[in-house]
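The same chain A turns up in both complexes below, where it pairs with chain B and then with chain C.
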Partner chain A sequence: MRILSDIAAIMTGMWITWKHMFRRPVTVQYPEEKRQPYPRYRARIVLTRDPDGGERCVACQLCSAACPVDCITMQSAEGDNGRRFAEWFRINFSRCIFCGLCAEACPTLAIQMTPDFEICKRDVMDLIYEKEELLIDGCGKSPDYNFYRHAGIGVTQPRGTGVEEMPPVDVRGLMP
Partner chain B sequence: MPKLIIDDIAVEVADGSTVLEAAQSVDIPIPHFCWHPALGKAGACRVCAVKMLEGPVKGIQMSCMLPAQEGMVVSTTDPEAVAMRRNVIEWLMINHPHDCPVCDEGGECQLQDFTIAGGHGIRRYTGKKRTHVNQYIGPDIEHEMNRCIQCYRCVRFYQEYAGGCDFGVMGSAGRVYYGRFQDGRLESPFSGNLVDICPTGVFTDKRARFRARYWDYDMAPSICPHCSLGCNITPVARYRELLKIVARRNDPVNGWFICDRGRFANDEVNERQRPRSPEVDGRETTYDEALEALLLRVGEAEELYGPGSMAIVGSSRLALEAAALLPQLAQSSAAGALCYFTLQAEGDRTLAAYELLSAGKSASLNDVRESDCIVILDCDPLQDAPMMALALRQAWRSGAGVYLVGGGIELPCEFTRVATLDAVPLAEAKRSVIIYGTKGYNGVTTVASWLTGIAPNFTKGGLPGNLKLACLFPGPNSFAAALLSREHGAVSLEEALADGGIKGIIAVEADIPEQLLEGVRFVAVLDWRKTATVQAAQIVIPTTAWVEMDGTYINNEGRSQRFKKVMNPGVPVKGEGPPLHPPHIHRSVAPGGEARPAWQVVAGIIEGLGGERITEPLSGQWEYLRELDAESRGVMINDL
Partner chain C sequence: MIYDPIDIALILTKIALVFFVILTLAAYLVFAERKVLAWIQDRKGPNRVGPFGLLQPLADLIKLLTKEDFRPIGADKWLFYLAPAMAAVPAIMIFAVIPFGAPLVLFGHTVQLQVSDLNVGLLLFMALSSIAVYGVALGGWASNSKYALLGSIRGLAQLISYELSMGLSLVPVVMLARSFRLSDIVDAQSGCWFIVYQPLAFMIFLISIAAECKRIPFDLPEAEGELVAGFHTEYSGMRFGLFFVGEYINIVVLGGLAATFFLGGWHGPFLPPVVWFAGKVLAFAFLFIWMRGTLPRLRYDQLMHFGWKILTPLALLNILATGWWLVLRG
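Our next item is the complex of A and B:
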């Protein structure tokens, strides 16, 4: 009996609707009410600092190479302390698709995704974030890593004193 | 001509080729670090392992050390060979720092490529890394010894190929060190090739230090404009800044290398103060206004001083496209003189040298490298054309005799001083070359009279044996300037100015000495360099530098070579706008980006003077050069 099964289906649907009328609503009344996304949510991008307070980003251009929409641009330069750093670094958030490939490519853990998804501007030019707006004062999600300690070329420490390094060899030594 | 089989592909190679070269000839890549086509084999890196399945030798072999022989059956994919290569790369990486993100070689690094190709990805070794102290080796090259993989390429190039003796290998066992005895600038004028030849990032170009990555580079095949040899180069630019210049292979010309003068030469192009926008009487204007002012003054000159009061001046550094249009410009401006040379002596000597070359057979750099007897006469190869000196060193290394007529110069090889050409045993040589210059010397006349002495009708192709001639001209396009001069009866500016009839000059990329400009009322200059002539001119129209346009140079042997546009003209982004970042402004033309190739400006003037509209600078006798491929070996003018 087709008609009976149709009625049963309608009743089941109605029953579920009825049941939900007495449940606590799950809808969040954004923007009056805000929900905290999970820490690994991928939204506004930041540049972090290493545990010693130095800029992590070495302007290696790997994030800009990985970015599928080409929205990262930078100019690398050499600082007085010998560090490679970004003279300027810009992300065009009007283009960014928040895929997170840049953060995945970053060898220094400098560029990271944050859960802050509220970036709307009236002028699209304001969505171009410069380094001043991107650079934060903390380490973000990886508090321990300092690339230069592992790099093996002695920029933040004398040569041969980094992690897993021997002191520089004496080239003129005759010992085997 | 041994025949062998590599990975099931039958290959036939020339005698003396290695298995590695045989594989390369059929596009089978075998990783290698120490082997280099110009340096040959060393067997130092052990990474080119292949398995020999059949033939005179069996088992795992180094393909770079093994001469290809008849009947060999080679496998590059045999598991044993693959494992060997993977392990060797893993060993090479044991001491390599973890610094690719801050290494300028990253992205253009053979070690990166072959590590990935070799299948080594995860570090298993848990010991510590050996480290080295770096050296200061001059303002041009950065030294980072921790990255070295002991392939010996640098020292083989520096000492054997280029004859330098202030750089070498020191130490023993795991401490081998490639550097100088103590800090100091590398002395060889070819030291920049270390940057190209080191397969990893030990030597990097300081001018491009921390500036950009390979995948972001603006690059195009180009030609070095710093002497007449026309070495092939690849300039590298980013954000309207010329970052560095690397050598580009062209076997008959420069081979694999270039000299330091050609390599470390970006400042001139990046100069912010170079002519960037048109100027009339010191006031910046638009291109159209400057053109209008120029046409007006050409008209005025004609009115005031009568026809024939203008001179059109080109130069040895002007690309062929513009140089070939100058006769047309001279015609439509009713100019009294067309000049390709400013000083009479320079013009006369270049023309004489050109005639001698067109009569004889001109030697390419490769002819010099393969020659067995070289005579150097009244020129200084290390100063006038450094790669010529490197080429003759290669000839000397394979046993050629090098004879210097006269003296007073250094050469990067041993040589014999002789008093005259007659003292050179040219008759016994099979492939001899006479190298002479045009710079304030009398080499041309000496060679010409000597040739007339031994072969009275040498101008009709009667040169003895395989004697070839090589001339060192002053500019990258001297050959074309001389050729055009001869064809159009051009005189030097000095001669043209002698009778005082010339009152106005249009100088196209020409350097005119101040004293010559004294009686001249009006000077218009088309140039991209900030020369004294530009400063003296009333009208300045900026042109593009050679990296900012397509063009053609004809080198010292009469080989026309095409260079391509590398970057857009304009003030480099570096140092522009707010200190932290370039401004957020949309523009269709970059600041200072209005410069046009000289030929386009010349074409604009011709059109303004009532001439025809020119859209293709190479026409008539030059038409066949339109399709010249920048990656080809070039086309010999005399062959056509």
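Our next item is the complex of A and C:
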């Protein structure tokens, strides 16, 4: 009898919803209760420094290129010692979708995601963060990494003296 | 007929009281619905405005009253403005014939706890419930919007499929009580509730009133998944509020009628009659909310099929069976 199985199906559904009425709600009452996000949660973006306290960002524009919504802009400049840095660096958090692609693209691990998700503002223009607001005094998630020690440019240290860096190959010496 | 001033004052008091209670109850049913649905879905529901969110209906009212009263270009002005009232007013008017408590004696007058003890109360209910659908049909028609029009067409198609079975399911009640007067129907159940004799008619009536108050699983005229909001897509502010509150008034009224026809109205042991009646009405309201939290929406042709090919023949057979039974019992 199809009608009997239909009635049974309706009753099963009603029974399930009845049971759920007495379950504890899963709601988190946000402003009063806050969930602790996981350490790798992707929210507000920061620019980190290397262990020596220098800015990691070399203004290579890779993050800006990787960003699917184009919310990163910067102006590159070169210091007296030949190091590149960002003259200004701007992230528009009103456009950012917190995908984390910028952090993945960054060769110097300068740009990183933090779990701080409470960045709403009354005025949308306040969501445009400048370099001063982005730069933190710390190394973020990779405390030991210093880009220049690995892939140093001749300006700060001679070629071939970096960590894990082989001495430059004399291409003429390879000739048969 | 000579009216005594006290009689008139009592009648006016009853009307004012019924109005107040029904409207408050309808507003709080909205709140109850949001709460119960939230519990079903493991949420908490509104709990910010006032203690436990109890002032939420008031906040909603203020919001609805201060919204822009918007009318789409090309809408039929008068029909558009009238339709919400046509949906809500018949629903309240039906309550006039429902007895909600045992007669009281006040100032030496016997007071029927019923606004008007009409001798054709049941027919009045059938008539008014059919008028209420004009609000849906004309509201959708006058809005000059395709979604609203589709919603109102569905409303009409739904009306012709459930109205018949609803009327037929009440015939056995009239046969048992031998009266169209609602107070007589209630009195006839002082011993045994009609649901005992007429479980099938009760089920048919229950399904039909779920369709009558346009609730899931029969909320085809609104069907927010398909038709935006169906017939009231173009309404905003208090005009939308009237449609909305009309739906909940309908729940209260139809719950009251179901209690009157099948569950003995205000009859019940130990507790005062008014409490019994209110309890039964709220139980029906809860059942509707619970159903809304559980069941999916029927397709339009499924509802027509169900109404015409299953409910109506069953109701007719039930009338025949009741007739035989009454004859054999003598």
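Here is the rule we use: the second predicted complex is superposed on the first by the 129 of 176 C-alpha atoms of A that agree within 3 Å, B and C clash if a C-alpha of one lies under 4 Å from a C-alpha of the other, contacts with A are read in each partner's own complex, and residues count from 1 in each chain.
Criterion: a residue touches a chain if its C-beta (ideal position, glycine included) is under 8 Å from a C-beta of that chain, and two chains touch if they have at least 3 such contacts.
On a predicted model such as this, the values are computed, not experimentally measured, just so you know.
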| item | value |
| --- | --- |
| Touched partner set for A:13, first chain B, second chain C, both or neither | second |
| Touching partner for A:35 - first (chain B), second (chain C), both, neither | neither |
| Which superposed partner A:23 touches (first chain B, second chain C, both, neither) | second |
| In the superposition, chain B vs chain C on chain A residues touched | B |
| Partner chain(s) touched by A:76 [first = chain B, second = chain C, both, neither] | first |
| First, second, both or neither for A:62, with chain B first and chain C second | first |
| First (chain B), second (chain C), both or neither touched by A:122 | neither |
| Intersection of the chain A residues that touch chain B with those that touch chain C | none |
| In the complex with chain A, residue positions of chain C that touch it | 36, 38-44, 290-291, 293-295 |
| Complex interface listing, chain A residues touching chain B | 58-62, 64-65, 75-78, 84, 87-88, 90, 107-108, 125, 128, 130-132, 147, 150-155, 159-160, 164-174, 176 |
| Chain B - residues contacting chain A, complex | 96-102, 106, 127-134, 144, 146, 170-175, 177, 209-213, 215-216, 239, 573-574, 580-582, 584 |
| Of all residues in chain A, those that touch chain C in their complex | 10, 13-14, 16-18, 20-27, 29 |
